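As structure tokens, the structure follows; a few thoughts come after it.
First chain written, first letter: the chains are A, B and C, and each begins at residue 1.
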Amino acid sequence: MTLSRPVLITGLLALTLVAAIGSILFGPVHLSLARMVAAFTGHGDRIASTILLELRLPRMLLGLGVGAMLGLAGAALQGYLRNPLAEPAVLGTSNAASLGAVAALYFGLAELHPIMLPALSVLAALLSLVGLSVLAGRSESPLTLILAGIAIATLATAGVSLALNLSPNPFAAMEIMTWLLGSLENRSFDHVWIAYPCIAIGGLLLFWDGRALDALTLGEDGAQALGVDIQRTRIRLLLGTAIGVGGAVAVSGAIGFVGLIVPHLVRPLTDRSPSAILLPSAIGGAALLTFADLAVRLIDTRNELKLGVVTAFLGVPVFLIHLMRERRLW
Amino acid sequence: MVNIRLENVAVTLGNRIVVQNASTAFGPGTLTGIVGPNGAGKSTLARAMLALVPHKGLIQIDDSDVTTLPRAELAKRVAYLPQGQTLHWPLTVERLVELGRLPHLAPMSRIGEADTTAIERAMERADVLGLRDRIATELSGGERARVLLARALAVEAPALIADEPLASLDPGHQIDVMELLQSEARAGGLVIAVLHDLTMAARYCDRLVLIDSGTIIADGTPADVLTPANLKSVYGIEAKVELSGDWPTITTLGRSR
Amino acid sequence: MLALPLLALGGAALWASAPAPTTPPATKPRRIVSLNLCADQLVLALADRDQIAGVTRNATDTEMSGEAAKARGLPVLKNSAEQILAIDPDLVVGMPASRSAPMRALKGHRFNLLDLQSPDTVDQIYASIRQTAVAVGHPERGEALVARMQAALARLGKPGGGKVAAYYQRRGFMTGTGTLIDDLMQRMGLVNLAAKLDKPPLSQLSLEEMAAAQPDYLIVESATDKIADQGTEMLHHPALAGIPRISIPQAWTVCGSPAYVQAAEGMAQQLARFQDRTHAR
């Protein structure tokens, strides 16, 4: 069921456009189409302009950017680790980045300078990835890697809970939930300026090594013999993931499963080589997260439905499919 | 045309000395088999030549020290077929063989005419044209081995090092692969094959290097290397060696006491 | 440990503890224990310092306690029945008292309990002040305090002028009608946005809805002026930038206490400042 690449990319872009438009059109306050058009052309009333340009527009941009980064990071990590279950949340990177962000925000470090928030988030993500390499070693077994990821994720989650428990903030419990389940509620353009540079740099680093990822299909020896510098590739991938995911998590909290689901959905439509799924995963991730964010707003619940809950429900079937496949091999 | 030279090469992995005192040279137009018992250091020697493991001593490819040669350059001169048929992703055969062109591709470019021709030629030589649209991970062991060989041939490097290329192949396919390696050598290539099967090694190789416990015991024509004395000391077997035609035939008689 | 055999005595002992005494005690109580922050406020305002044997953890926190200065140096209680038993108080004040955890553990004991109700209007605040003053043996102080409060409030007038205001907390929680905050807003002559939108006493309003509603004023807790977490970050979103803010310390509004007057005065001052600016334009 391979689609030609132009068709695939165009289709995904169209899907993303639909998600983006929906994200602007729908929200808690109903705005008539006429008012929306007026706001976008500059003649709108103050309320409509505020809602569309200061609330819905940054939210949509973040849904696209964070989703793209998570999709791309998942695809790149799966390619590099030769493991179809790898993605930033499973490996504990997202939770570690949350820990960095929480430390910055709740211990007053973010007040020193706005850059402290994404910087600490990125640093924590980087440390977690280095920790993962040390724990999992050179093992190519999927099991070792997943176990190491669980260890890191658990440690980071405990760290977040501890940090918030110790902080002088009496509302800590609610905040913990937001950081560990993810949310794009109440974001402003300030958050867009924090996240987008990190996502751009991270994305660039991850796209760079498409060919190296393909060569790794043959194993590390085979890839090196084809001219791939494994050390440089590894550094670029770790940095790219840490910077991109760190920047994204700093504004959205830890959203899981996007990096897991999207490459899986996209892979059967490509020639299945790791480099081929990078761009489609980025675009698909943008679409998926924006749709999920739209669902969060349209599904009316008493308490705000968290993004991570929606993506988790979408992600569990992917694990189950893998489980079924593995069981058949026994 | 390419030459590989080893001078006093030693390789230590962990705490073990795997290869020591290895000095020899390889030239174009020859199919050399590296043989020896399990754990002798055959694969390690091959990997050292590709700078995949650190080594002491000198390894030169065309008078350039292999440790200073940039990987991309090394990849164009020596193609490698690793042991074990590793294949992580379910690529189509054609896409897989295309990977062999990576050393020749400029950073942001797509494959060109020359690349397509090389891929076709490689697939034809390895006799996998009929499999081009199949998923590589779904092939039988023998088919997979030929596809991976095609990938190595697609590099079109003047040298080829194949590590255990006959593993999991039927006798017929084993012959196909050995004949292919032989014809590459005849056409002027420098071909080194790490082999487990002495019969195949004796039959097809122009030259054999016999390694035991990391040391080169013998180096020469199959008839010179595969003597009953060597077979006894290295493999611990009593064997009769007969020269029929151009290559020696080994008949194993039993364990040596 | 002691509580277990005591609990076995049964529920009858619970009903033996009387609600608020209406006649002053024969002697002034010398060991008064307060069970929660709001009770602390009243006890600290009305009793002598040497009468107080224990206040709660938050009493000295200036963020949360209006009488924080007075509480400094006084013994602080944990939520422990043992501690209370050891003090052997002759008056226990709580808002509520009988249903609080330490008291339930001490069901078998007879204590002189003052059970106050959480006030939702200023008249209810006056009632609890009077009750407490009587219980601690200084009824005249209670009357004086009420009189001062009434005079101060009378001076304020209705600076709100019928404008619409919303009491907006972290994470978008908004206070509705039937609450002390609502009483305060009405006293100022402000219309509660929650009443306009027909919302319950506590509800959540998204930024979009708040931006659409465009109240004339936002009333926020002064602790939220600093961004310390996502809940407070939301209150600083550009979408709310155009709405003038009135900032009141939580210590004045969290309890129905004499600090109500300070809250009212603070609000009136800030309202007046905004109106001067509008008139100056």
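In this text, contacts are C-beta pairs under 8 Å (C-beta built on N, C-alpha and C of every residue); 3 or more make two chains touch, one makes a residue touch a chain.
Keep in mind the model is a prediction, meaning the values are calculated, not measured.
Peer 1: Answer with line, ring, star, complete or other to describe the graph linking chains that touch.
Peer 2: The chain contacts form an open line.
Peer 1: Could you tell me which chain's Cα centre is nearest to the average position of every protein Cα atom shown?
Peer 2: Taking the mean of C-alpha atoms per chain, the most central one is A.
Peer 1: Taking each chain's centre as its mean C-alpha position, how far apart are subunit A and subunit B in Å?
Peer 2: Here subunit A and subunit B have centroids separated by 43 Å.
Peer 1: From the mean C-alpha coordinate of subunit B to that of subunit C, what's the distance rounded to whole Å?
Peer 2: That gives a centre separation of 85 Å.
Peer 1: I need the residues of subunit C touching at least two other chains; which ones are they?
Peer 2: none
Peer 1: Please give the residue numbers of subunit B that touch subunit A in the complex, ascending.
Peer 2: For subunit B paired with subunit A, touching residues are 47, 50-52, 71-72, 74-76, 78-80, 82, 84, 86-92, 95-96, 99-100, 102-103, 105, 135, 148, 151, 155.
Peer 1: How about subunit A: which of its residues touch subunit B in the complex?
Peer 2: Touch residues, subunit A against subunit B: 82, 211, 214-219, 221-222, 224-229, 271-274.
Peer 1: Would you pull the subunit A residues touching subunit C in the complex into a rising list?
Peer 2: That would be residues 27-29, 46-47, 50-51, 54-56, 105-106, 108, 110-111, 169, 171-172, 174-175, 178, 185-186, 188-190, 303-304 of subunit A.
Peer 1: With touch defined as at the start, can you tell me which subunit C residues reach subunit A in the complex?
Peer 2: Residues in contact with subunit A: 170-172, 204, 206-209, 211-212, 214, 227-231, 233-234, 237-239, 242.
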